[in-house]
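Both complexes below contain subunit A, partnered by subunit B and then by subunit C.
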Partner chain A sequence: MSASQSAVRSRAEAVKVSRTFDWLILFTLFFVVLGGYHIHYMLTGGDWDFWTDWKDRRLWVTVAPIVSITFPAAVQAVLWWRYRLPFGAVVCILGLLLGEWINRYMNFWGWTYFPVNFCFPSNLMPGAIVLDVVLMLTNSMTITAVIGGMAYGLLFYPGNWPIMAPLHVPVEYNGMMMTLADLQGYHYVRTGTPEYIRMVEKGTLRTFGKDVAPVSAFFSAFVSILIYFLWHFFGKWFGGTSFTQSS
Partner chain B sequence: MAATTESVRADAAEAPLLNKKNMILGSLLYVVFYAWVRWYEGIYGWSAGLDSFAPEFETYWMNFLYIEFVLEVSTAGILWGYIWKTRDRKVMSITPREELRRHFTHWTWLVMYAFAIYYGASYFTEQDGTWHQTIVRDTDFTPSHIIEFYLSYPIYIITGGACFLYAKTRLPTYQQGLHLQYMVAVVGPFMILPNVGLNEWGHTFWFMEELFVAPLHYGFVFFGWAALGVMGVVNTEVIAIAKLLKKDLA
Partner chain C sequence: MKLIKDKVAKLSFVALLVTVTAAMFYAPTASAHGEKSQAAFMRMRTIHWFDLNWSKDTVPVNDTMTISGKFHVFAGWPETVDKPEISFLNIGIPGPVFIRQGSWIGGQLVPRSVTLELGETYEFKVLLKARRPGDWHVHTMMNVKGGGPIIGPGKWVTVTGTMGSFVNPVTTLLGDTINLETYNLSNTYFWHAFWYALGLAWLAYWARKPIFVPRHIAVEAGKADSLITAADKKVALGFAVGTIAVVAFGMSSTNAAYPVTTPLQAGLLRGMKPIELPAKTVNVKVEDATYRVPGRAMQMTLTITNNGDSSVRLGEFNTAGVRFLDPKVHTDETGYPDDLLAEEGLTVSDNSPIAPGTSRTVQVTASDAAWEVYRLADLIYDPDSRFAGLLFFFDEAGNRQMVMVDAPLIPSFI
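So, the complex of A and B:
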């Protein structure tokens, strides 16, 4: 190959080629990351995300941010640190939510007939926006991990509260008190329905009161910071361009 | 004048840099095929997929499984064999324009990989969750598994293998050895299929309940992370394409 030869006929063609590659790359990155992120999330936090009767104030609030900050941290490590694109976290969450919504509608509802208001996915977008904005404004991985990671954990419950609050009101049904979400679960019996399977806060005197959600969110924020650091470095490694030398 | 006319003719006859027809047909192949698969599941999942001892289960599901096994092995053999057999033995002496064209073809393959990964890892895997929440399994070969594990996973493995082989046999960029992150992006999701062995073995101990976040499933999670290797492929491609276009974009 001659170094003097050009791959394109004109500058206009070069620009067109460059733009076309941009779209091909974005499409591929979006859907491959979607696939990897979705299988990760559904198998580490999925049950809390699938059903409203799992969306409690303790474990859902704790687990979902911790397991979902992973891929955003890794993708930011490439999109921001290599290309100065400030949307690594948002693009991950958009992918995850697209995959989830298609599934909940086409399969949870379309194949096994669970109503969508029983199996809609959690909203992870507010934390993702903050994560991207903090990184863009500070250009610092450490500050993004500490401030952004903490915000990611803390914002999860408030970001979902307007959707979940109506389903957490108490109802009395056949002499027992439960939440509307619990009632949905009892009506739609699943193989995950038995109480020894369902991991939610157990009924005690404080079931309907006080501090469970904020404490859980704060703990989640703490672990999210640590997970962000770890996955940032995972992302750096996955974005590498190294070759194993052939012998 | 004659030379100019010949040059114009040569340009007109030259293959396009990006073959859009291949891209559209390839995309349609995945989308239409999986739409048909989803229709089949919707009809025969409920009517013939609930009892693995029933004769209709053998007719509609086990036969589906046997056919897909044969088709997958043949497709992998023919496709990978073709790409390898027709490899370019003088790959380092191609023109920059030909190299650019091959990068486009490589990206056509990668777009197909994106479709295949989406359907395998996202669409059919989470779908399996809702099926198991609804139906108590009495076999490893449930309708959702016959589609998820034994159809959608092999399809992305075949597609990913084709991407990697194409890059290795046609692009100068990948001649200096084996691209580590590319191998991770292809081999990692491939390992999800053997991990089905662990999963099904685990499920022989209990099958009435379904917990998607059970540690038994973490093998899928670990290998799912490997999809992030695509970022290394993107970075390598950006460097290679920038090198080809740098002079003209300056």
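So, the complex of A and C:
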């Protein structure tokens, strides 16, 4: 067979090769995204995602969507504009969550014995699904950034509340009131994470009484819009071929 | 010759692989906390722990023990370390092998950070409940914001039993008693599994058809719009509406199930009550201090003035948790860790009782291998080559008086 001849000899064979190629790329993409996104999210979201006593109604709600919309926006740009595939955000979150769960279960629990109910990851899937659907239905980066980015930020807190609410039940402990999440942080000793490192309930948002989570979510949503634009452009640039030499 | 070289190279490579593989099977437990690596001046000139007591050496799982004692916040706190204005009474253990059931400073529960005053002495207690079997080095520890963890003395404690039997019952303000060890776990797994499955379903919907090559060809040919069908749009809309509906349902049903929730509690605790020490009647002036590197000994020239009404003798020098005792004056009966106790480590040139109203200049030597073992000798490499410690004097009735000393330290290499 010469170099100019095709490696496949029939349409059926071409389809088979194409499908094999699909799975190879999807598998590789999944684990590359898992690794890169996981490191990114651990470095930027870090303790807010690690511990229940960091998952508050102000900063966790604000920080987590802003720092996690990054990779979904970039991967969407590649998969949508190159392949018209609307699962960029979901595949990112699937990878991230798999990596996080392996980390939390094998490392946090398996090595250092922190109970899983204290160190489970945040749920980012609702926002990712909506982000993908908005891009697919509108075929517009701008609308996806504005509507999808907004939805990504807004859905974060309610999407996590069913998991977090039981840990916000109050408890009286030696004369002080705490939530069960606070108590987890106090009981399960973290030598390198003293209480003062916790960045929770800080800020000047004091005029909304107890209803600060929606306000924080809206702020997070607005910033998520901007971050979406930025990372969508990163993705477009990264997914381009202008930097390769044409033959 | 080349053949032999090739064979040697090949065998060396195999030997290297075997060594690396074998090394993977040897992974001893790291049980200590780098306490010896912390800069000596940090341990000598910040928090001075004393009168420490570990209530038990062996604890079954689910049983409790306490660490109690006192700590003095050094008035000459080093400039290179932030002041202890935001501090947290921690415990130095390798992860949650115990749970911290309570911690108190001056009788006040301190689950949060506190403000400590320089020059004051505080009483503390930490209540621990055994969780994971093993031999654990249990340290006192004070985290200081901007200063890092300041680790105190540690003692080996053995936890017996099985971790599977550990329970952590807590009664909420609503009257429910839960096991915090496993509470909310199935709920967490359920929601994560549900959303993960939904994400996988979305991915599977698109992955069931050719993904990359044909779609890329179509996009390049300007037929991108044909790749999204009307059915795809309906399915996508279904996913989006379903997602929002599930989120809304989850939120409302959770609020119905948990009508009373409170925000995370945070804030600094001020006004920790220090110990009211009796008026000091012994004054100590450090005339000079040297550390003899070859002899592992610190020598001080002290001028001691007794302004009290009872004669006193120097019985102990305590620095960085290492206790140097003069056995003729004072012996330890608390079970203090052996490696931190120099039972005969304190020598005073004239340790006869110092009568009231008199002064005496004496040569005091604190010598023990602990200087080297605990790397306190490394003080000479620190940015602030001063030493500090607690001197304990004993009067005729056995009453103890604590005096803080702080002075430059000159190393001697010969």
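Throughout what follows, the second predicted complex is superposed on the first by the 226 of 247 C-alpha atoms of A that agree within 3 Å, B and C clash if a C-alpha of one lies under 4 Å from a C-alpha of the other, contacts with A are read in each partner's own complex, and residues count from 1 in each chain.
The criterion applied here is as follows: contacts are C-beta pairs under 8 Å (C-beta built on N, C-alpha and C of every residue); 3 or more make two chains touch, one makes a residue touch a chain.
The structure presented is a predicted model; accordingly, all values stated were derived computationally and were not measured.
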*Regarding the shared-chain residue A:H187, is it in contact with subunit B (first), subunit C (second), both, or neither?*
second
*In the superposed arrangement, does A:T112 touch subunit B (first), subunit C (second), both or neither?*
both
*asked:* Let me test your reading of the model: by the given contact rule, A:V171 touches which partner, first (subunit B), second (subunit C), both or neither?
replied: second
*Determine, under the contact definition given at the top, whether A:L226 touches first (subunit B), second (subunit C), both, or neither.*
neither
*Of the partners subunit B and subunit C, which touch A:D47 in the superposed model: first, second, both, neither?*
first
*Examine A:V15 and indicate which partner it touches, taking first as subunit B and second as subunit C; both and neither are also allowed.*
both
*Based on the superposed arrangement, let me know which partner A:W161 touches: subunit B (first), subunit C (second), both, or neither?*
second
*Where does A:F234 make contact in the superposed view: on subunit B (first), on subunit C (second), on both, or on neither?*
first
*Name the residues of subunit A shared by its contacts with subunit B and its contacts with subunit C.*
15, 18, 21, 25, 82, 112, 114, 190-192, 194, 197
*Inside the complex, what are the residues of subunit A that reach subunit C?*
15, 18-19, 21-22, 25-26, 53, 55-57, 81-87, 90-91, 93-94, 97, 101, 112-117, 120-121, 123, 125-126, 128-130, 132-134, 136-137, 139, 155, 158-159, 161-163, 165-184, 186-192, 194-198, 200-202, 210
*subunit A touches which residues of subunit C in the complex?*
33, 86-88, 90-102, 109, 111-113, 131-132, 141, 143, 145, 149, 163, 168, 170-174, 176, 178, 180-185, 187-188, 191-192, 195-196, 198-200, 202-203, 206-207, 210-216, 218-219, 224-225, 227-228, 232-233, 236-237, 239-240, 243-244, 246-248, 250-251, 253-255, 257-258, 260-266, 268
_Contact set on subunit A toward subunit B in their complex_ = 1-2, 5-11, 13-15, 17-18, 20-21, 24-25, 27-40, 42-48, 50, 63, 71, 74-75, 78, 82, 99-100, 102-103, 106-108, 110-112, 114, 119, 190-192, 194, 197, 234-235, 238-246
_Residues of subunit B that touch subunit A when the two form their complex_ = 11, 17-18, 38, 41-42, 45, 92-97, 99-100, 103-104, 107, 110-111, 113-115, 117-118, 120-123, 125-127, 129-134, 136, 172, 176-181, 183-185, 189, 192, 208-213, 217-218, 220-221, 224-232, 234-239, 241, 244-245, 247-249
